[in-house]
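Input: structures, listed below.
Shared chain: subunit A. Partners: subunit B in the first complex, subunit C in the second.
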Partner chain A sequence: MKKILLVCNAGMSTSMLVAKMKKAAEAKGADVSIEAKSLSEAKAEISEADIVLLGPQIRYELNNVKKIAGSVPVEAIDMRDYGMMNGEKVLAHAMEVMGA
Partner chain B sequence: MGNSKLVDKFTMFASKLGNEVHLRSLRDAFATIMPLYILAGLAVLINNTVFQWLLSGDTLTNAQYWGTLIVNGTLNISSLLIAPVIGYMLSQNKGYENPLAAAVISLAALVVMMPNTVTVTPVGAEEGVLVQGALTFGNVGTGAMFAGVIIGIVATEIFVWISSIKRLKINLGDSIPPAVGKSFNVLIPFILVMSGFAIISAVLNNVFHTDLIQIITAMIQEPLRTATTGLAGCIILYSLGNFLWLLGIHQSVIYSSILEPLLIVNMTANMAAYAAGQAIPNIINVAFVPAFGLLGGSGSTICLLIATFLVGRNAATKNVSKMALVPGIFNINEPVIFGYPIVYNVSMLIPFVLTPAMGIIVAYLATSLNFMNRCVVYIPWTTPPLLSGYLATAGDWRAILVQALILVLGVLIYIPFVKINDIVMEKTMASE
Partner chain C sequence: MSEEFELICMQMITNSGSAKSSYIEAIQKAKEGDFEGAERLMEEGDQFFSEAHGVHGNLLAKEASGEKTEFSLILMHAEDQMASTEMAKVLAREIMELYQKK
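This part shows the complex of A and B:
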C-alpha cells in the first residue's frame, strides 16, 4: 500500500482534499492510504510516506521539506486543483509520480 | 498580475522570509505552546462566568482555585515554556543533532539572567519584602515572554556555534554508550555559554542594578509591542500578511512570525488582568484580530461568499462559493483563495485587504467607545463568526452586534468587486 502524505499549515484545508482523494481512490480501486498533517506533525512521519504533497500556500517550504524527505518525492499541489478540491487530479498525479 | 517582475520579486522575498530559520522556529515554537494558552483562556472564562453562576461563597473560592492553578501552569510560566521550546525548534531547524541539549541550555540561560533577589508581597501585607532564592511570576510569566524568546534564540545560536568548533569537542570513542558520549560532547559548550551568560547577568546586577529581563521587556518588547499592536501598526502588518494570500502564500509568513507573538503577549496580559479582576489593558490582541478581521477566513471571505450569492452571475465562482461555504463558517478558506480564485486576481485585491482592516477599525472604535468589552478569552481561530466575538469577550452580546455590522459592511465592500470580477472573467473566457 502506497502512502500519500498531504501537508499544510494546520492540516485542516488539506483534510478536505484528502476526503475527496479517498473517494477518487475508492472509485479507482487504488491501494493507497492518504493522510493530512500539519507541517510540524508531518516532519516526524515523512520517511514513512511514498510521496509528500504540500499545500500551495506553503510551497515556500518545498526545499526544506525536500531536505527532510530525502528520497521521498515532494511536490507542491497545483493551485487550481487545490482551490477546486480536485481529488481525482491530485490523486492521478500522485500515482504517476509514485509510479504506482 | 501574475507575470509582472515586481510580483515575482515579492513572492521570492516572501518565500525567503517564510523560510528564514529564526522566524520559522518562532512560528513552530508558538504553535507548540498555543494549546496551553487556549486552555488558560478557557479556564479564566469558566472561573469568571460558569463558576460564578453556579456557586458562591467559600465553594466559589475553592472552585476558582482550579482556574488559578491552570493560569499558574500556563500564563504564569510563559517564559519558562517558550525559551526551551524555541531553543529546541531553532536548533532542530538548523540541523543541530542534539536539539534537546539546546532546549536545556536555553532554559538554564534564561534563569541565569533572572535576579537572585526579588521583591514579593506576603499575603495580606501592603509592602513588598526582599527575598532570595525565588522565581517570581513576574519574571517567568507573560511579561518576560519576549525575554524568553530572545534569550532562547541567542543562547541556542551561541551554543550551536560553539558546538560546531571541532577543537572544543570531547570525543570519548566508540565504546562509550551514545547517551554518555552525547552528554560529554555538549559539556564544553554548556560551560562556556552558561558562564558567559552568568558574567553578563552579574555585571548587570552589580554594576547597573538591573537584570536582562527588565532591559529586554522595557527596551525591546514594549516599544515593539506598542508599535506593532497599536491600531496603525497592526493594520499595516496584518494587511501585508493578507496581501501575501494574493500571491498564494500563507499569511502566517508575516503574521505568525512578527505580529502574532506580540498579539499573544497582549492577550496573556489581558487574561492575567481578567483573572485578577483588574482593568483589561489591551484592545488589540490575538483573539481580537481574527474575531473581527478574519470572518470566514483571511480577507473576511464569508463576506465575499455572501456577496457572490447575492449579486454574482458567474457560474464558476458561484459553484466555488457553494463548496467553500461550510469550511468558510469555520474560517477555513483555502478553497476560496485558490478556487475563486483570490490568488493573482487583481479584482479581489482591494476588498480582500480592505475588509479585514475595516473590521479591525470598527471593532476598535466600538471598544474604545465602551460599546464592547475587550477580548479576554483566547479562542481558537476556527471559531465561527458571531460566536467568536461572543466567546472572546467572555459573553458580551454586543460583540455579536459589532460582528454583524462588520459582516454587512464587508458584504457591501465586496459587492462591486464581485461584479467587476464577473465582467473580467467573462471577458477572459470570451478571449480564450
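This part shows the complex of A and C:
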C-alpha cells in the first residue's frame, strides 16, 4: 500500500482535503493510505511515506522538507486544486508521481 | 455547512497561506542578498493576500447588510490564517530592510 502524507501548519485545512482524497481513492479502488499532519508531527514519518505533499501555507518549507525526505518525492500542492479541494486531481497527480 | 461556504473558507485559507509562503520566501531571498527577487515575492504575496481579503470582504459586506454568516471552526481558522499572514508581511518587510543595511 502506498502512503501519501499531506503537511500543513496545523493539519486542519489539509485534513479537509484528505477527506476528499480518500473519497476519490475509494471510488477508484486505489490501495493508498492518506494522512494529514502538521510539519512537526510529519518529520518523524517522512521516511515511511511514498510521497509528501505540502499545503500552500507551508510551501516555503519545500527545500527544508526535501532535505529531510531524501529520496522520497516532495511537492507543493497546486494552490488552485487546494482552494477548490479537488481531491480527485491531487490524488491522481500523487499516484502518477508514485508510479502507482 | 454548505459546500459553497466551505469553498469560500478554503479560498481564504489557500490565498492567505500562499501569501504567507511568498512573504517568508522573500525573507529567504533577502538573506541570500537577492533583493530584487525578494521584492518580487513581496508583490506576489500582496496579490494572493488581496484575493483573500476580497473573499473575506464579501462575507463582511453580506453580514453588514443583514445576511448572517454561518459560523464555523473553518471560518475561524481562515481568519486566523489571515491574521498570521498580516504579521508575516509586516515582519518580512522589516527583516528585508535589516538585511539591506547589512
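Things to note:
Everything below uses one rule, namely that the second predicted complex is superposed on the first by the 100 of 100 C-alpha atoms of A that agree within 3 Å, B and C clash if a C-alpha of one lies under 4 Å from a C-alpha of the other, contacts with A are read in each partner's own complex, and residues count from 1 in each chain.
Here is the rule we use: a residue touches a chain if its C-beta (ideal position, glycine included) is under 8 Å from a C-beta of that chain, and two chains touch if they have at least 3 such contacts.
Note that the structure is predicted; figures quoted are calculated from it, not measured.
Bringing the complexes onto one copy of subunit A puts subunit B in a clash with subunit C.
In the overlay built on the shared chain, the residue A:Pro56 is in contact with subunit B and with subunit C. Of the two partner chains, subunit B is the only one that A:Asn64 touches; subunit C does not reach it.
When the two complexes are overlaid on their common chain A, residue A:Ser40 makes contact with subunit B while staying clear of subunit C. Shared-chain residue A:Tyr82: touches subunit B and subunit C both. Touched residues of subunit A were counted for both subunit B and subunit C, and B has more of them. The clashing stretch of subunit B relative to subunit C, chosen from 81-89, 225-233, 297-305 or 369-377, is 297-305 in the chain A superposition. Common to the subunit B and subunit C interfaces on subunit A are residues 8, 12-13, 16, 55-60, 79, 82-85. Listed in rising order, the residues of subunit B touching subunit A in the complex are 14-16, 18-19, 28, 31-32, 245, 248-250, 252-253, 320, 323, 327, 332, 334-341, 343, 382.
Put simply, subunit C touches subunit A in their complex at residues 6-7, 10-11, 13-18, 20-22, 24-25, 28, 74, 77, 81.
Against subunit B, the residues of subunit A that register as touching in their complex are 8-9, 12-13, 16, 38, 40, 55-61, 63-64, 79-80, 82-85.
On the side of subunit A, the complex with subunit C involves touching residues 8, 10, 12-13, 16, 55-60, 79, 82-85.
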